[in-house]
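Each chain carries a letter (A, B and C) given by its place in the written order, and its residues are counted from 1.
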């Protein structure tokens, strides 16, 4: 994948995720997450996985995010955040503590990855062709992982019934 | 800096040609919609502006450009202007993978033949599906950002309708994929290029509509619901909700929604033609005239769209959702099973 | 030259941004969105490692992750709606007592 393309998508995804986390308006957060999902789809295409990229756009950005958007619009989610953690005994409150925790986690992950050494991608076209073939995905999904596939269908059914029961108005 | 090669120039020309043809097709559709609606209602339709009223779309566009651009004060500025942009962008982008001509060397100017298709992707069918499902956001955001109850209701209903019919759309699509065994639109079209001999005497074009007629039927109906056209246009019906999600839009933003709706129609018809009606192939007739046959088949399907709008009464919203979930979706699943069984049996 | 490290680093960064969102945001819906960011970062790791190993296993796992994310989003949002109906607020600080 051309380096400038990777850096473009990487910058967009990091910017969108920072926007999701830092944005006051929940509507904008949802739209920025959609931006993140689409830039990740671009990265997947660069990784020779167009099927996952398209599935991500159809399922994740096209259906799950519509669900989020509907709920934001239904609840008319308020714009402002309540002031966090004023009653906690830590000086600075939740914000400082949370920021320190997440930065330390990021530092740990980066340190762990740096011990990996530089690992270049295998450049042979056969690996790319193997990963790209939709037929192989289908065969492996329905033959080797057939049980997990059936279990996920039951999971979705349970989630559907559960969501309907939870959100029902108790009259 | 990429070197300016003939294929790059050809690619850019192709993009420009497709882009401008889609805009012209939207204008042509506006003209024919008004003319055909006139004939269906026993009147003449526009005939004052230019000969036979042919310059009417131009007059419409000029009027729309000169109108005042209004925005409700409490509307969210960013989302208000993002929504029509999103609608129009997804509509145009979806046409990028539809093949409308056979591989051509363009009178020998290129070294190797290039298919007449903006992007030849080998998961093209899913890409069209993905871009169309992103088009829902234009409508939802338009409904929300206008900050008015007609728009919000229209936007929510329209979005719910679109995502409901996407299921039947996708499963009818899957029934064609079972027969075609590939996800690339160009290969599906290439597989329909021949002729079958019925009883060894009657030639029948090798189109998939004859192998999966119910799939074609479901796909066509789901396509009409996807583009919010009658009889499924309750969310933007003039009599019911003022104008639904684009009530508060005027001038160029409205023009963008208008454009997006007609280009969406062209895209859905284009996908139907490529999947079921043989794309740009006409058996027995020269292949290099591919785009002409493609436009001809598109014209037939679009005529059906316009004809249905002015003939059939509108579905009420709950009838619409009932039809989508309880009738079209089970039918499409059964169709998929029957098609898969048929493919297994006859191969 | 884009190596595997680039993708893993990006994924680690996205994961920590998602975690920061879960810690810092006081809005239930944004909390769920941050969880979605974390799931997507994991998806990216799987696909990158799958491509590195030359097998489709990475992509298959992403399907399951996406399915689980869909189910979790649906149920999570239903819970958010039920909570909102009860207390008219979307802040998790309001739901601190175990009694309904």
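Keep this in mind: a contact is a pair of C-beta atoms (placed from the backbone, for glycine too) under 8 Å apart; a residue touches a chain by one contact, two chains touch by 3 or more.
Source: prediction; values computed, not measured.
Taken as a graph of touching chains, this assembly forms an open line, each chain in contact only with its neighbours along the path. Contact tally for A-B versus A-C: the pair with more C-beta pairs in contact is A-C. In whole angstrom, the spacing between the mean C-alpha positions of chain B and chain C is 34. Separating the centre of chain A from that of chain B, both taken as means of CA atoms, is a distance of 30 Å.
Computed from the mean C-alpha positions, the centre of chain A lies at a distance of 5 Å from the centre of chain C. Chain contacts: chain C has no residue touching two or more partner chains.
In chain B, no position touches at least two other chains.
Counting partners per residue, chain A has 51, 55, 63 as the residues that reach two or more other chains. By the touch rule above, chain A contacts chain B in their complex via residues 27-28, 31, 34, 50-51, 54-55, 57-58, 61-63, 66, 69-70, 73, 132, 134.
Within the complex formed with chain A, the residues of chain B that make contact are 76, 78-79, 82, 121-123, 126-127, 129-131, 133-134, 136-137, 140-141, 144, 152, 156, 159, 163, 166, 183. Within the complex formed with chain A, the residues of chain C that make contact are 1-10, 12-21, 23-27, 29-30, 32-34, 36-37, 40, 43-44, 47-48, 50-52, 54-60, 62-64, 66-75, 77-82, 84-85, 89-91, 93-94. Interface residues of chain A facing chain C in the complex, by the touch rule stated above, are 1, 3, 6, 10, 13-14, 17-18, 20-21, 23, 26, 29-30, 33, 36-37, 40, 43-44, 46-49, 51-52, 55-56, 59-60, 63-64, 67-68, 71-72, 74-75, 77-78, 81-82, 84-85, 94-95, 97-99, 101-103, 105-106, 109-110, 113, 116, 118-122, 126-128, 130-131, 133, 136-137, 140-141, 145, 148, 152, 155-156, 158-160, 162-164, 166-167, 169.
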